[in-house]
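One chain, chain A, links the two complexes that follow: it is found with chain B in the first and with chain C in the second.
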Partner chain A sequence: MTAEPAANVYERQELLTGCQAVALGVALADVDVTAAYPIRPYTEVMDAISKLIADGEMDAEYVIADSEHSQFEIVKHASSLGARAFAGSSGTGWMYGFEALVVTATDRLPVLFLVGNRALDDPGAFGVEHNDALALRDMGWLLCWVTTAQEALEHVIIGYRIAEDRRVMMPMALAMDGAFLTHSQHIVRVPSKEAVRRFLPPYDLGERRLHPDNPISIAPQVNEDWVMELRRQNWEAARRAREVIVQAYHEFNAIFGARYSPPFYFDEFMTDDAEVVLLGMGTVAMPARTAVRRLREKGERVGYINLRWFRPFPTAELRESLRRFRAVGIIDRDFAHGAPDDGGVLLHEVRSCLYPARERPVVVDFITGLGGRDVSIADCLSMFELSRRAASRGEPDEHVTWIGLRE
Partner chain B sequence: MPRAEFIQYERIGRVHDVPLEELYTSGHRTCQGCESAMVMRQFVKAAGPRTVVTGSTGCMYVANTSYMTTPWLVPWMHTQLGAGGSSAVGMAAALRALMRKGKIPQEKINVISFCGDLGGGDMGLSAISAALQTDYDLLIILYDNESAANTDIQATGLTTYGAQTTFTPAGRVHRVMHRRWKKNVAGMLAVGHPTCRYVATACATFPPLDFLNKVRKALAIGGPTFIHTFDPCPKGWDYHPRYSHEIGELGVRCGIFPLYEVIEGRVVYTYDARKGRIPVREYLSRQGRFAHLADEDIEHIQRMVDEMWEEWEVPGVAPLRGVLSTDI
Partner chain C sequence: MIRRVEINYRGIFQKGLAKKIASDMVIIATRMGQVAFSNGRYSDSPERNGIPCKYFVFASPDLEEEELEAECGAKLDIDEADVSIVLDDTMVKGVEPWAWHGVRPINEKLVPGGAMLVVSRRDHGDLLRFVARKPYAYRLAIIEGDASFSGLWVYRDDLTHERVLGAVAGLEPHLLDIEAVAAYLWEKTRDEKRVAAAQSAYAEARARTREVRPDEGVHWDHQVPTLPRWYEFQEGIVVPAVERGFRLGPRGQSRNPQFKRATSRSQRPVVRFDLCTKCTLCWAECPDECFDPTEDGLFDVNYEYCVGCGKCAEVCPVHECIVMVDELRFEDESSPWEHWKRDPEGYVRWAEEKKGRQRLAHARITGQGQEVKLVEPVGFGQIVPARKARRGP
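Then we have the complex of A and B:
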């Protein structure tokens, strides 16, 4: 990737939280309709969007709804009339609106939602867990995690570009760790409107746009006559999304410089000659990369894989990558009580992805950082140690280990 | 916004002036004698073709819109059971944004959302309330057949006291299983939303043309508006389909379902049941769902209806009974 950004692609730098970066992305994407309902930590994005609207820096209808369910339904129906739409939530609020999330996907409406990952009640906890967003995994959504405010802003634009592609037409959930990214500040290079316009074409729902000039009926009762065929269409769209995602990153790089490298779905850090890697999603990348550097200084052949895209899951790419290692430690910032080996959601996805591979690494699972508990560099070092032991023994001591748990 | 002494709208004066164009036409599978289907047919006839519609889950979704036999000649979309209010807001917000930003041509497009008594009166009440606080032009129609008719007649918060439904069967020990008094949705919404300019109740067939003109008024006055219709249902209310219109009329004349408009806070009775009401027994006794009621049950219902018209500060609309004169 040698592409240099054209002049004036980035117009300024700002110190922004993850939420504020998403808000700027939403403004740059020329979103038409947005709805709000407060819950920490996502809520700061609407604080920022409402101010952009109040200051005239963004032209959109802005509805303060009476619930998450209502805000999701508002933007879903706005999208069906051809308006680019944005909403979001966190934790139990996300779950409150879940019915609307499901139908947004089955209606194939390419809205973009922010999930500020938050633990599910009870008892109350503001901190990050990934179960809220992961609940979407079977529902026909695009789902990706970002780790910096810069990525957050860019993935609003990349997200609409992919979601609205005629080959895809799926809603897009942009997930970011509560507090660790939603509320931490980064220096962000803000692209110009002109550059965004070049990358992101106007939203065109085509023959499915609801308007008196196009008097269609959307989502009539179909029963067993047609549901299977419709599920199949959704399935095919999710498969096609894989190529559209790759294409979108190439186009993004062509305009904005070499921001992302293949395979795009995930980033690899110091994996070239690695024997043992950790694989996680979200901001745990930071302590994990620092742990990698420290171990590398001691000569240990370790690396880190930051999984960005969870849906569609990068099956072929990840299978190809992971087969190079002797052991892979999965960092699950989530839970799946009673699942096989009592592991987390990510464990099952990765193990399932690896199963058909002839050569595959030992896979161990770590459940950690729940409820927003910090995952320290020391925690990452112990996860590497356990993964290294699994590599040398050829099998894990335990399939699942809880890291950072008070005994 | 200036007060509307009179709403400027295209009034339908005579039956012969009713538009001939059908925008809700063949293809639906509603029951014989279905008055909710009359509501559908009439609201869209009154609104005309430059209209977008959403329909909440309910019998007017499941029975109305089967794939490839849709009866809707206007653009229509399903919405979730509790999303009658939010779907209307979403459509109105999109139209406003897209027209303001020059992405679609500027024109008046009616936004209408309908929901049943279960969806609108129970689950979706909060979303309707929120919709009535906006400044969008939209109309929400609650078609009330007093049950979850799509799921085989279960009681809702709007079912008449005492009615048998599949959730409230008469039994050997408990004769009356449905002991909730019908929720006063239109009154509640009118009283609770002081900036909402138009709230009305209606019966699709009685008085003739009344509902058509209420739809026209709601769409003409501007802002968010609400109409609650009273829809006899042969299947759920247990009577022969040929009597649907008659039972609607009896319900209005006995005063159990008041007909009124609240225009910018002022009440207009479109059927004045303050005087000359017929006994509720004449309405109740025509329906199988009340066949198990004893005289004392019917007397209770009569007493509640009489109170509604004789003791409420705003008869039939708001159940306040004046102000206590001293501290208590």
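Then we have the complex of A and C:
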């Protein structure tokens, strides 16, 4: 791994919101087709892309759709013709396009979609909740969360690289917290087009490209003779994605400097001798890591794990990591009403991942930050306290605790 | 012990009929003390015109319902059939419900000694000219009648339903007892005509049953395709399209070799090339693109792909130029245009012989009289606009 990037890899710095960073990533990835239909917080991404096109900084077809469903179908079809395609949405708009999302995965078309996480109505609300993107979890999508605008820009490029790999060919959803990341401005180092070109080869569908010179049918009606074999193919792609992801980060580091560390699927913070850790996704990492620093100052052995990749889920890596701790507190910015122990989605994934391990930590769950409510440093300190109690008792007081609820 | 019945029917046209027959068989078998249920083959697509489909009835005198369900209900297809009912005799040419199924013999599932019951105006020998040979003997029974065709939402009450129930009682009395059939029909309808229809078919089926020896029937040369394993085909649900381009003449257009669909057909269009005005309507309107343009401006019919929908005959503007004819009058699917080029006069004679003077008989009540339309052949090259012919003399 190269410690320092080659000269001119990052050519300039810009003050960008998360949405603008994504749009710039889309331009740098030389996307051919994008379709737009507004919903906050995604709206700012399409606005930023239209400005890049209007300013002559990007050359792409910009199709204004009449709904999210049409938007997703347009880019799916564009992708089948060999165009690198981008779209995105948020919350219930995302759910409205869900049929198109499902078939994009089974058609194995490597589009990249941005999900600006937003609460699912009702009530109408536009703050962050992760349930919109998490709805993809069983559908054959790549799904990853970013925590900064810099990561957002870079993961557009990394995302296309992984999705379009011939071994993978799966659609990619890039999730980012509404408001806290989408609408927050930070200084972002912008890579050069030349460096991006070196990392991201042109999109090549090969023999699956729909073209008059390559007449094919995509997704005809079939009977029960075919579906299991097709699902098995999709499973194989999801399996192959695991090694492709690791390879992509290594090559990204080789060009852009040591930006990401193994195992890449998640980042660990101060976990080396930790007994109790919290694990979450998205911008909750900021207050959580700050809480870790404060507790470390008092000599407490705590740490934080920021889960970046949700699909494919880093089963082996996370199982190996978490077995070191006495307790793990899961931060769920989502809900799964009626699920086991009434915990969140992330709880169930992590507990299921840990179950086969001979030694495993006590796992407690925190539902927090729903509908865009802020998760404070104090909230994170409470979560550490409850997790530590669970560690010392060897079992949690409650499997699931709601944090930040008026009660 | 399980008794299994399959009802072969044509999609849409006989969907309601097949289900009615199956439903009543379940009810009657249950009244006789058996455990019974029925289902349609779910993998069928019975909303497609004429597509061969199946309905099933399963009955047992001694099994628990759950066990019968596990043996027969949790499966898409029937394992074997003690009775195989064929509601349209043109299906004896074979059935192909989906691509990659292959054209299957109509008696594929019939057990040794089992009974195949066909609604037909033909005799045993005529039908066996098309039915596949079995390695063992079975029974073939016929009740006289035209195929009862209706639509998706309508039902043609021509007593085929009652007559099939009576005939099955004649063939498998332990499954359906004719007294139980008669009692049930009377209680349900209070209509002597329906009871009588069942009873006469009971007698007819018994009288017109004959054993089919293992050496009878035709050699079946349709292969069942081998389905590829999951890693043996293209990912992304991508299927190669038919080859591009075409040439003039028979079989000149590319078509899907995996699904010819000819077994969806109960009639085929017979074309009098001598009357053709080259208006192109048959070629343009055919929903399955079965017409191949030829170098002399005519349009050959590819009978391997024709589903017999009748659209061409409907749009043809010339009297008697395209006429739909019963599929069982034909032995093969060779090119009619080649026949015409070889021997124009002979072809026209052949075409008129196939069409016959006595056209489709639409009986009000099958087996109890029919309306017959007699048609005079049109002379060679005597083009008469269809609208004038329709006005009549």
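Some notes on this structure:
Assume the second predicted complex is superposed on the first by the 404 of 407 C-alpha atoms of A that agree within 3 Å, B and C clash if a C-alpha of one lies under 4 Å from a C-alpha of the other, contacts with A are read in each partner's own complex, and residues count from 1 in each chain.
In this text, a residue touches a chain if its C-beta (ideal position, glycine included) is under 8 Å from a C-beta of that chain, and two chains touch if they have at least 3 such contacts.
If you're wondering where the values come from, they're calculated on a predicted model, not measured in any experiment.
Contact with chain C, but none with chain B, is seen for A:M169 once the two complexes are overlaid on the shared chain. Legend: residue contacts after superposition of the two complexes on their common chain; A:V75 is shown touching chain B, with no touch to chain C.
In the superposition on chain A, contact is made by A:A83 with chain B only, not with chain C.
In the superposition on chain A, contact is made by A:D59 with chain B only, not with chain C. Between chain B and chain C, B touches the greater number of residues of chain A.
Touch criterion met: A:R208 reaches chain C, while chain B stays clear of it. Touch criterion met: A:A100 reaches chain B, while chain C stays clear of it. Of the two partner chains, chain B is the only one touched by A:D32; chain C is not. In the superposed model, A:S67 lies in contact with chain B only, and not with chain C.
When the two structures are aligned on the shared chain, A:D225 is found in touch with chain B and with chain C.
Shared interface residues of chain A (contacting chain B in one complex, chain C in the other): 215-220, 225-226. Chain contact summary for the complex, chain B toward chain A: residues 49-52, 54, 61-62, 65-68, 70, 72-80, 82-83, 85-91, 93-98, 100-101, 103-104, 109, 126-127, 129-130, 134. Within the complex, the chain A residues that touch chain B are 32-33, 35, 59-61, 63, 65-67, 69-71, 73-83, 85, 99-100, 103, 202, 210-212, 214-222, 225-226. Looking at the complex, you find that chain C touches chain A at residues 43, 45, 76, 98, 100, 227-231, 233-242, 244. Touching chain C in their complex are the following residues of chain A: 106-109, 169, 207-208, 215-220, 223-226, 228-230, 232-233, 236-237.
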